[in-house]
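Chain naming follows the written order as A, B, C and D, and within any one chain the residues start at number 1.
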Amino acid sequence: MSDSVFQHQHRVVYAECTLGNHVYYARYLDMLEEARGEFFRQAGWPLLALQEGGTAFPVIGVEIAYTGPARYDDLLTIQLWLAEMRGIRLNFGFRILRAAGPSLADGQTRHICAGLNEKPKRLPDGLVEGLAPFLRTRNEVS
Amino acid sequence: MSDSVFQHQHRVVYAECTLGNHVYYARYLDMLEEARGEFFRQAGWPLLALQEGGTAFPVIGVEIAYTGPARYDDLLTIQLWLAEMRGIRLNFGFRILRAAGPSLADGQTRHICAGLNEKPKRLPDGLVEGLAPFLRTRNEVS
Amino acid sequence: MSDSVFQHQHRVVYAECTLGNHVYYARYLDMLEEARGEFFRQAGWPLLALQEGGTAFPVIGVEIAYTGPARYDDLLTIQLWLAEMRGIRLNFGFRILRAAGPSLADGQTRHICAGLNEKPKRLPDGLVEGLAPFLRTRNEVS
Amino acid sequence: MSDSVFQHQHRVVYAECTLGNHVYYARYLDMLEEARGEFFRQAGWPLLALQEGGTAFPVIGVEIAYTGPARYDDLLTIQLWLAEMRGIRLNFGFRILRAAGPSLADGQTRHICAGLNEKPKRLPDGLVEGLAPFLRTRNEVS
């Protein structure tokens, strides 16, 4: 994968773990949201500013494959890229790895662009331009 | 304690547990909110209706003593009563027990009555009347 | 869908909601776990007993499509059925609905049967027999 | 407060917020655990190493006063110090502030030192020495 793929670090806490010392399956989605927030900030479009301007990206779908357990105190790397961006759709590909280690989970979160009335709307042109460098094809990330 | 103290049952799930097979310390607060919601519903003042009428009860303080671990699949009993109710204040006493077993946690959540603008306001008179049967002194609940 | 599909009720609490008054996308996975626990209990194979006997069902994949927001105090119905059960695999289909209302989410959680050492193993024969009545084809549930 | 008090930064995510755009009251306890983990790491006694050596610090009590709402995307500062450390007891004082802003919450989490069998035991001598610089009296932190 290109060195320029967005990466976010996350330290696993007890709050995220469950019996058997592994991260509870739903908590990876919390981590992904944390990473998306930093992705938009780094791209120059902080979600808070977008939200205050009347734009949000509700999730309409998630696919995630778990390939290994993350454990307490693991330092995880969350890689994010845009798998699709057009019209009202914005899809993130992701991969979660133990730092310098194997992949623990990968998949996609699918979003639409919506107003605060929850109605879909086209992605703002400026945003599409700003996020274009983060688009990756499936081949580029494997 | 009087038989009439409010009780709510809660089944512990994996999502609430952490390493070492016990409920994570913050999750008891989620359970208490669940129990308060049912308390208000049973008292005839569902929180959703209050909220739609412009009244909420933000938490301004919590004291909780943990006296034993709740574990996966435990069926817990959450007992709630009003420890104080006057002016803008509404304080809940609580006790969490394993069904027919020892107390696992007890304490108090302290709330104020507030409008949707987050400004404190007096408890509605009707509510104070409606909730009066749930007031207990410390002696009555020990 | 057959009347005999497993159903579990869940009341949405504030802890599950986020800005904009809707359930946070990861919390549906917590609800699904709660429902699976009750599914196994009703089927006569409580997860706690299985776990104490050395068998667990770690999640290896989730696909979920969100088709509408669940909101505070909604009483949700979670429908579960077995989409696949053979060898080491146990896949649940699910649908989450507002009681007597439209579907809000549907998808699949994919599990394997594993020992407490996290190594995959064949589903116990007795369990496969016991859960067989809950198998549904895609046509049967749409 | 002395400049040397331990500080940890935390960015508020949607997962932690609830209706009305504020952090859900239980999530502050998750943040405090995250901060404690970094506190022990910085002090040279990472919790994971302690845990692997058979020592943990289960929470036996929490007192928290909420003085203002944290909101989505707030960058919070969590200050931690030791309010008591002797015998089997280890109590943290804390304060949560919006960066360069007013205090949003303060209080105490009370812990005991325990073995992995959940039995209390004396704090290791080396640890008491190592953490001594983080002891503060109430006056020193107000």
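The definition used in the following text is that a residue touches a chain if its C-beta (ideal position, glycine included) is under 8 Å from a C-beta of that chain, and two chains touch if they have at least 3 such contacts.
Keep in mind the model is a prediction, meaning the values are calculated, not measured.
At the far end from chain C, in terms of centres built from Cα atoms, lies D. Interface comparison, A-D versus B-D: the pair with the greater number of contacting C-beta pairs is B-D. With centres set at the average Cα position, the gap from chain C to chain D is 35 Å. Averaged C-alpha coordinates give centres for chain B and chain D that are 24 Å from one another. We define each chain's centre as the mean of its Cα atoms; on that basis chain A and chain D are separated by 28 Å. Residues of chain D in contact with two or more other chains: 14-15, 19, 26, 30, 33, 51, 72. On chain C, the positions that touch chain A within their shared complex are 19-20, 22, 25-27, 29-30, 33, 51, 56, 58-67, 69, 116, 118. By the touch criterion given at the top, residues 14-15, 17-19, 21, 24, 26, 72 of chain D touch chain C in their complex. Interface of chain C with chain B (complex): residues 11, 13-15, 30, 33-34, 37-38, 46-48, 51, 72-73.
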